[in-house]
Structure formats: C-alpha cells, structure tokens
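Input: structures, listed below.
Both of the next two complexes hold chain A, though its partner changes from chain B to chain C.
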Partner chain A sequence: MKLRYVLTRIFYALIILFVVISLNFLLPRLIFTDPAEPLLRGIPEDDLILRAAVRAEYGLDGSLFRQYFVYLGKMFTFDYGRSYVYKAPVFSVMFSKIPWSMILSLSAMLISVITGIHVGARAAKHRGKRPDKVLLGAATLTTALPSFWIALVFMMLLCFAVPVFPFRGAMTEGYSLTFHEWIFWIGVLLGVVAAGVSYYFTKKVFLLFVVPVGAFVLSALIAVPPADLADIAYHSILPIFVLCIGSIVSYALMVRNSMIAAVNEDYVTTARAKGLSERQVLFGHTLRNALLPMVTSIGMSMAGVFGGSVLIEKIFAWPGMGGLLLEAQNVGDFQLAQGIMFFYSFVTIVCNLLTDFVYHRLDPRVKLA
Partner chain B sequence: MSVSGFFGKAGLFFVKAARFVWTRFLCPVGTFFKRLWKHRKGRFGLIVVAALVFFALFAPLLTPYDPKTPSINEGYLPPSWTHLLGTDGNGVDILAQILYGTRVSLIIGLTSGLCVTLVGAFLGIVAGYYSKWAGGAIMRVVDVLLVIPTLPLMVILHKYVSSSYVMMIFIFIAFGWPGTARIIRAQVLSLKNGNYIKAAELFGAKRNYITRRHILPAVSHLLIMNCALASAGFMIAEAGLSFIGLGDPSAVSWGQLLVKAEGGAFTSRLWAWVLAPGAAIFFAVIGFMQIGYALEELLNPKIGGTGMTARAWGEATDAQIEEAEEQMREPSPEEAAAIREQVRSER
Partner chain C sequence: MSLLEIKQLKIMFAGGGGKLLRAVENADLSIEAGESVALVGESGCGKSVTGFSIMRLLKTPPAIVRADRLTFDGADILTLPEPDMQAIRGRDIGMIFQEPSSALNPVMTVGKQVDEVFLRHRGLKQKEAREATVALFRDIGISAPERRYHQYPHELSGGMKQRILIATATACRPKLLIADEPTTALDVTIQAQILELLRELREKNKMSMLLITHDLGVVAHNAERVHVMYCGKIVETGRTAEVLTDPLHPYTKGLLRAVPRLGEKRDRFEQIPLSVPHPSAKPEGCYFHPRCSEACEACKKHMPPLMPVGKDGARAVRCWRSG
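For the complex of A and B:
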C-alpha cells in the first residue's frame, strides 16, 4: 500500500471530520437563538456573575468566532463538555455506556456474521432450491417489517404471553455499580494494540478481526463480577436474538449473491480442473473470494457496534448509547447529544477509513483512488 | 381579429392541448399501468397500493369511529364486533386509527420518496454529465452527508424544531438524496462514454438534448425503482422515528399507534393492538417494493427477456406491432402529396 494513498485518505477523513464538527457547532446556534438558555433557566435574572460563569463553563461566551475556536480546541482534546443531567463530563458518561451497547451489538454481529456466512453459502450451493427460497422469503420479510416491530412481537410472545425472558434492563438490580469500566477499556485497548502488533509480524488479516473481538470478550468477562455474569447474559438473550434476525438475513443475502457471481470466475474453473472436491472448491475458493464484500459491510456496521441500536435499546430499556441519546433528547441535554453525535461521526469516519485500508490489503485489484 | 377566428384558434388550441395531454401523458400512463398489471409482482403491488389509497381517501366512510375522540369508558377493550381490533387506552378504535394512519404513511412515503428521487437524479446527472467542478462539489457534500449519523442529528434537531411531519419530510429529503445521487452519477458516468452518446455529441447535439433523449431514459428504471423503494423505506422510517418519540404525538399514524401499544398493550394483553400496525406497515412496504421490482424488470434493458427490445417487439401485441409498422412504412405518392400539402399549409 502506497504511503501517499494512506495519507490522502487520512487527509480526506480529517476534512470530513472538520465539516462534521463545524456542523455540530453551528446547528444548535443556527436553530436556537441562545443555546445557553436551557442551562440558565434555573438561575435568577439578576445574578449576572453566576450566569457569566455558567456561560464560560460551557464555552458559550464571547463572539461566535471565538466560541468556534474554543469548540474546535475542545474537540481535539476530548473535552466534549459536561452533561448537566449526569453532572459529569460527557466523555466519561459515554464511556460508561459504550460497553453495554457493545455487549449487545458485538455479540449480535459475531453471531450474525458466522451464521450469515453459513446460511448464504448453503443457499448459493442449492441455488433455486429450498434453502435458497427460504432465504429469499426471509429477506422479503425482514426488509418489509420494521425491526422494532419484530422486537415488539418477540417481547410480546416471550416476555408477556409466555413469560420466559425479562423484558427490561440489563440486570435485575442496579447495574452501574458492579461494572468495572476501566478494566474493560484497558482490555479492549490492549486487544487493539495486540491485533496491530500480531498483524505486523504475521501479515494475517484475520488477526485484525479475531484479536480485538477476543480481547473484548475476555475483558467483558473480567470486568463483570462473576455473580452478575449469568444475569446479564440472561437479560441480553432476547435483544441479541432480535438484533440478529435482520442482520443474519442481510449478510446471508450478500454472501449468496457474491458467491453466485463468483461461480463463473476463472479461478473456480481452475480449482475444479485441479481436481479439488466440490467442498474444497466451494469453501476454499468460491467462498473465500465471495467474502470480500462482507469486509466492507462489517466495517460499516462497526460504527453501529459502538453506537448500539437506538430502537432495540429503547424497547428493552437497555442502558447503552442508544438509550443515552434518547435520554439526552428527552431532558434537553444538548451538550450530551452533541457529544454523542460527534462520537458517532468520528467512529463512522475512522471505521470507513480502516475498512478501505483492509479492503485494499485483501483485494489489490481495487484501484487506489 | 374576428370572433369566429378567435374561437377557431381557441378551438384549435384546445384540440392541440387535448392531443398533447392524450399522447404525451394519458397514453403512456395508460400503457404503463397496463404493462404493470400484466406483470405478476406489478399486479400485486398495484392492488395493494390501490387499496391503501382507497383506505386513505375513504377512511371516514369505512369506519364509524373518529381516530382522535377519546371515550373514557371504552379504554382497553379487546377485539369484538363493535371494535374489530379493540380500543386503545383512551377508548379510541384501533381499526379507525389504522385506516386514518394510512394517510400519514402514504403522504410521507410518497412525497419524500418522489422528492429524494428528483433531487438525487438532478444532482447526480449534473455531477456526472454537466460540470466537473460542480460534480466534485456535489460529491464532497455527498461524502459528508453519508457520514453524518442521521438519527442523533434528528434527535438534536427535534429538540429545537417543531415536531411536525413537514419537518420530518424535509429531513428525509436532506439526508436521502446522497444515496440516489451517487447511484445515478455512477450510471451516468458509465453511460457518458457509450458510443451512441459520443455519436450524438459528434452530430452536435446539445447536452440538454442528450440528457433528455438518451440519459434520462437509460436511468429511468433506476429512478423509478429508487422512488418505490425509497417510499417504502421512508414509511418504515416514519414508524421508527415516531416510535422513539420524534414524530408528532397528536397525529394519527401507525408509528404513534405502536408507541401507545408499547405503553399499554402488553400489560392489558391486547395483541391485536401490536400486530395490526405492523401488518399494515408490512403490506404497504411490500406493495411499494413489488411495484419497484416489477418496474425494474420491465424497464431495465439488462435484465433478460423483458428488456427494451423485448418491450418493443417480444411483448407487444400484434395490433401494436402493426401500428408501429404502419408508422414506419414508406408513404404512397398520394399520401406523400397530402403530407406535403399539410406541411405547406402549416407554414
């Protein structure tokens, strides 16, 4: 990979990030005459010193130009302001919620990627027969039905009609006391570093996926006290299941389509001509190449892994990022909402960038644009 | 100017206008629906969408209940003959809410789907065929808009902007067009180097002419399909946004019905309250999607069997082929003389 390509991509990503930050800064100020108004609501009109102090605290004093540069500086030093609901920095509030979102969405993604590949390969192998027809029917169903409605129906069936699963929350009692976020984050960070190092020495791309996921699972297991582990797992079964339904189908469909397209390629004919068994041709040559589009898709959904699913988290009252966003909206905590929006955009941009690099590494035919 | 001359001219104008409307608008639309009706998926979609339009227009005739008037004594009623799907917590009939909710879903889905397609097609063609500079600018905007997370942004906007459906449609359009523009631009870029467009350019055809004559017909299947699928997608999005509290709480829509269901249907075990809005969304979305797929199959020249040539010859009825041949036939000397006479008089 050429250094120039990498640098151009990073440059573009930085420009987009800059635009997003500017939008994030401007939107509340354009729409709302004074974004400090909800902050100052409880303070008497004549207490000018306190008012000025509050404004200075939230970076809302001085000219718009000055505010903008203060804001930019804060963004690059990870200072997203203070949430006035949680009475804590937005950064730390978000970082205590992300693990909970990750528990749901990362497990759902793991399950659905693995299942999706199997289902898709099976459908492609029996094209036009029963597995294929079932997959296509399921695809129509899941695209036409809103995912949150599917969640509601399963909740209705499994939490109320036949009460098997709990219907709200991540734990039976309070959750935030027993989860050691710092252990979790150090574990994940170590995992990312380990993935980079192991990739650098072995040049095996799958390590970039497997090592961080392994680190995530391990650190989540360590961060949660063993007594609560079963409880959390029990609470998360239904949300994970509901999250999986849609994504299994979409991954499977993608694998199926690209496998069917790959069947006519020359390398498949070559593999057959070499006398490989049908199984080896299917899994060793066709599937391997058909998985390339999956890399893009997984990379795109990585951003969702950190952000969680707003609808599912709302339905199951899960204490993750999606719930945090809605809470910020309901109480009008605009610094928190802005912080979350910046975080989402940042993660999306970084994930897209990394996906591009990994994809290029896997498929050198892609032009360097 | 004499009176009779005036009437004569006006009469001619009306005849011409009627002919224009008939040949350019009614005839194509008629054949369009006929062709769609012959297609299996298209017929299904047409029936469903026609039913939705019927429900939306004649909702007051189909149900005796008003979807907004609460009646305190009739809350949480299970399905019965008087209330086919039961009532919600305020005693409002659920079937009535579903019938009236069709209006919101149809209006939001169709307007935002249409606008997104129009804006996306316009900007995509400009970016792909007209100006390199404007194209670059448009694509940079697309890059940014595709990265900005829509949901948090809507949550932020919702706090400051009134929660009306007009606003929702505006936001759908603002964040929906980049996808369409990107698809159309890619298609236009590959079309631009086609031999027939190069040939037309060599003959001195203007850009607007080529766009009208060659590019628009070549991307029409993408546009129509995009419109149908986007409409379906926005219907789901409306329900989802209403569900997380970004809709208009006073409106009657399928999403609002589900919001209320989450609050009361589970504990009172009124399953129809949860199932019915989902089924309504499902049918609406399936209807639009089937129309989209049918049109794709009918209009896309690359899908075998029903492409452009097949449309002209293979699928045409004998009468249509005869008519086409009639139009292409060399005129006999008498007819040629008549045509010449007509042309001369028109001058």
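For the complex of A and C:
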C-alpha cells in the first residue's frame, strides 16, 4: 500500500474527528438549557463563589467562544472530564462498561457473521428452493419487526411465561466486584498489537479479525473468575439471541445476493476448468469474492461492538455502554454523555479507516485516491 | 482409437414450461492425437456448449447431455466419477475462453491463479509452484515474468490476460486444448500473436486442439479439419483446405462470402439473409431452408442426413442439393 494514500486517509480522518469534536461541544449546550444546572442543583443560590468555581471546573463559564477553546484545549491534552454521577474520570467509567457491551455484541456479531455466511451460501446454492424461500421470508419478517419488540416478546416467553432465563442484569448478584478490568484491557491491547505484528509478517488479512477477537475472549476468560463465567454466560444467552436474529438475516441476505452474482462469473468457470474441486472453487473463488461486501458491513458495525446496543441493553438491564449513554442523558451528566459520544465517533472513524485499508488489500481494483 | 470421440451428442436445456430446448442434435466429432479440429458457426449454434460438454462443465440441470459415445483417451466422460473428471480438467484437457477480462479472478494475482494448476495436478509446494509458473510465463513469451506474477488482472492488457489463460490451460501439457473463441475479444495484431502462440504450443507439446470459432479466417491456418455447425447440427465436415476452397453446403458458402479477402474490392459484404432461429422455433425440414437461396420443396419437409462425399470418408455434407 502506498504511504501517500495511507497518510491522506489519516489526514481526512483527522479533519472528520475535529468536526465531530466541535459538534460534540455544541450538543449538550443545545440539548440542555444550561448544562451546569444538574451540577449546581445541591448548591445554595447565594453561594456564588462555589457556583462560579463549579462552572469554571467544568468549563462552563465565560462566552461560548471561550468555552469552545477551553474545551478544545482539554480534548488535545486528553482531558475528557469527570462524570459527576460516578465521581470518576469519564474514560475510567466507560472502560468498566465496554467489556460488558462487548460480551453481548461481539458474541452476537461472531455468531451472526458465521451463521449468516452459511445460511446465505446455502440459500444461494438452492436459489428459489426451500432454504432460499425460508431466508427471504425471515428477511421480510425481521426487517418489519423492531428489535426491541422482538426482545420483549422473547422476554415474556422465556423469562416470565416459561422462566428459563433471567430477565435482567449480567450476573445473579453484584457484577462489578469480581471483574478484573485491568487484566481484560491489557489482554485486548496485547491482542491488537499481536494482530498488527502477525499481519505485518504474514500479510494474511483474516488475522486482523481473528487475533483481536481471540485476545478478547482469552482475556475475558482470565479476567472473570470461572464460577462467575457460567453465570454471565447464562445471563447473556437471551440478549445475544435477540441481537442475532436481525443481523443473521441481514448478513445472510447480503451473502446470498453476492454469491448468486459470483457463481455466474466467468472466472468461476475458469477455476472449474483448472480441475479444482468444488470446495476449492467455493473457498478460493466464489465465496472469496462474494464476501467482499461483508468486510464493509463488519467494519461499519465494529463501532457498535464497543458501543453496545442501547435498546437491548436497556431492556435486559445489561450493565454496558448503551445503558450508560441513556443514564448520562437522563440525569444530565453532560461530560459523561460527551465522552461517550466522542468515543463512539472515534471508534467509528478508526474502524472506517481500517476497513478502507483492509478492503484495498482484499480488492486491488479499489483505486488509491 | 481417437483421442476424443463423440458419437451422437445431444445437448438439451430444460426451458420454461417443461419445454426442452435442443442446443446440439446428434453431433459426431473426433480428434486424433496431435490434430487440430475447428468447430465453426454463428453465435448460438451450439459450438460452445459442445466444448463445455467435453469438459463436463455444463450445469445439469438445466442442461441434459446424452451421447452414444463421449470418450476422451478411452475414459467415458459421461459416466466418469466427479473426482476423476476433476483430475482430467486442467491436466489432460485445458480450456481457454472468449473473454480474457472476465475469465481471471479480479482479486487474485495472476501468478497465484496459475499456481493453482500446479498445486492441484503436480502436487508441488507453494514455492515450487511459483517457480514453475514464472518459468512457464517465460516460456510463453510473457515479458518480465517475475513482475507479472505479482500483478492483478486489471493491471494487464487483454492480450496479456489471454496469454496468462493459455499458460493456465497448458501448464500441465494437456493432450487436448479446447479454445473457445480464443481471439474474438482481441485486436487483430494481438489475434495473430495468440494464434501463433497456440501453434507453437501445439507443435512443442504434440497437443490436439478443438478450435471453436465463428471466424473462418482463423480456421484456415489453425485447423486440419473443420466442422461447420448450424442450429445444433453439423452441416458440413471435411479437410480445412477442401471446405474453404470448395464449400458444398449453402451455409458454408454464405459464411465464406462474408469473409473479407486481401486485394478484393467490395462495397458491402454479402450476408446470409434473416438470422439464426431460436432453438425453440427451429423450422421443419432442413433448419437452414428459410435462409437458403437454393432451397427446394424437399428441403422444407425433410431434414437431410449427413451424406459422405468422395471416397475417403473425410467429407460429408447435410444438403439435399449437393447430394
């Protein structure tokens, strides 16, 4: 890959990040009449000195223009503020929530990508026959039904009517006590580094996906005591299942359509004429090309893996990022909300950038511009 | 025994409403070791599907392939188990296609695509396959073979891509090469180079060739015998020189009149009136009679048999008027 191309893309990404940071400054000031109001609630009206001190502490004094520059200064010095609800730095609050979100969303994504490829390839192979019809029917159904509704229906059925699964939380009792976050984050960090290194030496793109996921699973296994592991797994079955329903179908549909286009390509006939087995043709030529759109789709949903699903986490009272955003928004903890928004946008931008690079490696026809 | 023997080949496609479309009807074709045979006809006459049926690459269903005999080097193509057929494809029979641009996988370097043949049929290691591919590129006259190996199809010209495909098809020195319109998509100058390359390879490897084309100009120097096909039936066969200089079937005559010749001044090339009928609407009697200037009453009612001409049995024609 050309260095110039990489640098240009990173430059553009930085511009987008700057715009997002600026919008992020405006949002709480547009949503709340005065973002300082929740902070000042307990302070007597006449204690003007304390009030001014609180305003200054949170960068809410002076003109909007001045506030903006103070805010930018803090952003560039990696000071993302403190959550006044949790009485802790915003990022340390988020980093204790992200692993919980990842348990749900990463599992759901793995399951739905793998199942989606299988189901989609099967439907394409039997186009117009039963597996295909089932998939198309399921697609109509799941796109028509909102995910929170599906979640509520399954909750009613499997938590209350037939109480098989727990209906709320990630563990039976207190979940933050036994979870060694720092072990988890060191593991994830090592995983990302290992992915980069292994890719650099082997040039195998799939390592960029497999290694970090493996590191995540491994570090989660180490960070959580074995006794709690089963409990967490038990609590996560239903939310993961609900998350999977929609995404399996959408991945499967995508694979089905691009497979149908790919099997009729001339190069597939060439591959057969070489004497390759059906398996070799499928994995080396048909599926390889049909999965290209999947890369974009997975790249775009990566941000959701860290960010979690607001609705599903709320419904199952899951202690993840989605719930945190909702909480910050409800109590007016504007710095926490700002921090979460910043994190979402940052992850989205980075993932898009990586997707671009990976896609270029997978499909050399993509122009370097 | 011939290298390739086809007797009474019938290829049908299951069309809509349970109808069977007959693409090839009772075609006989044989190729001796080292021989080059051309199969000539307009688009849709069944010549390409004949080539595909030899490789057993037609999707069944919708295709239905029947024959009294379809053997390659003694092996019965119709009943051979799939793994054995895969071992023949690419090793004993190579095939090249009309459209070099779409016949190569766009997301794989061309070198890797040729490697696959060596990995599959020669049991080489990845590194050995790479060396073999580069050596093959050099043999076949591909410039800068080391660099080409790492290039993607979209970085190469049409002629270069066709060379790569020829390299793929002939990597294992097959006994038979099926060339399905190998030069149709290429410039005239590149056409000549590609045909020259095919001739060299045939001589060097003692390879037989089935040349499928609509261009009688290509046939002249590249095939010893020619079969002319119309609407799925072979209408004339014979040695190339005889067929081209003394065509017997009105269809062959028509095709030849449409070929431009050097030193000849013509405002317009003659064309055969009307167009090829759809396989579902073939006329009664001789399929060619509505377009034939020599047609008589018999032609409208009865399909003529393929009648031998001359003594040695090399020539035959399917026409009431030339019988």
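The rule is short, and it goes like this: the second predicted complex is superposed on the first by the 360 of 369 C-alpha atoms of A that agree within 3 Å, B and C clash if a C-alpha of one lies under 4 Å from a C-alpha of the other, contacts with A are read in each partner's own complex, and residues count from 1 in each chain.
To be clear about the criterion, a contact is a pair of C-beta atoms (placed from the backbone, for glycine too) under 8 Å apart; a residue touches a chain by one contact, two chains touch by 3 or more.
Because the structure is predicted, anything quoted here is derived from the model rather than measured.
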Fit-or-clash call for chain B and chain C when the two complexes are aligned on chain A: fit
Partner chain(s) touched by A:156 [first = chain B, second = chain C, both, neither]: first
Which of chain B and chain C A:114 touches, first, second, both or neither: neither
Partner chain(s) touched by A:14 [first = chain B, second = chain C, both, neither]: neither
First (chain B), second (chain C), both or neither touched by A:221: neither
Which superposed partner A:233 touches (first chain B, second chain C, both, neither): neither
After superposition on chain A, the shortest CA separation from chain B to chain C (Å): 15
Partner chain B, residues of chain A touching it in the complex: 12, 16, 19-20, 23, 27-28, 31-32, 140, 143-146, 148-149, 152-153, 155-156, 159-161, 167, 303, 307, 310-311, 314-315, 325-326, 328-330, 332, 334, 337-338, 340-341, 344-345, 348-349, 352
Chain A-facing residues of chain C, complex: 55, 57, 83, 86-91, 94-95, 97, 99, 102-108, 113, 116-117, 120-121, 152, 154, 165, 168-169
Chain A-facing residues of chain B, complex: 143-144, 147-149, 151-153, 155-161, 232, 236, 239-240, 243-245, 258, 261-262, 265-267, 269, 271, 274-275, 277-278, 281-282, 285-286, 289
Interfacial residue positions of chain A with respect to chain C in the complex: 265-267, 269-277, 280, 284-285, 288-289, 292, 362-365
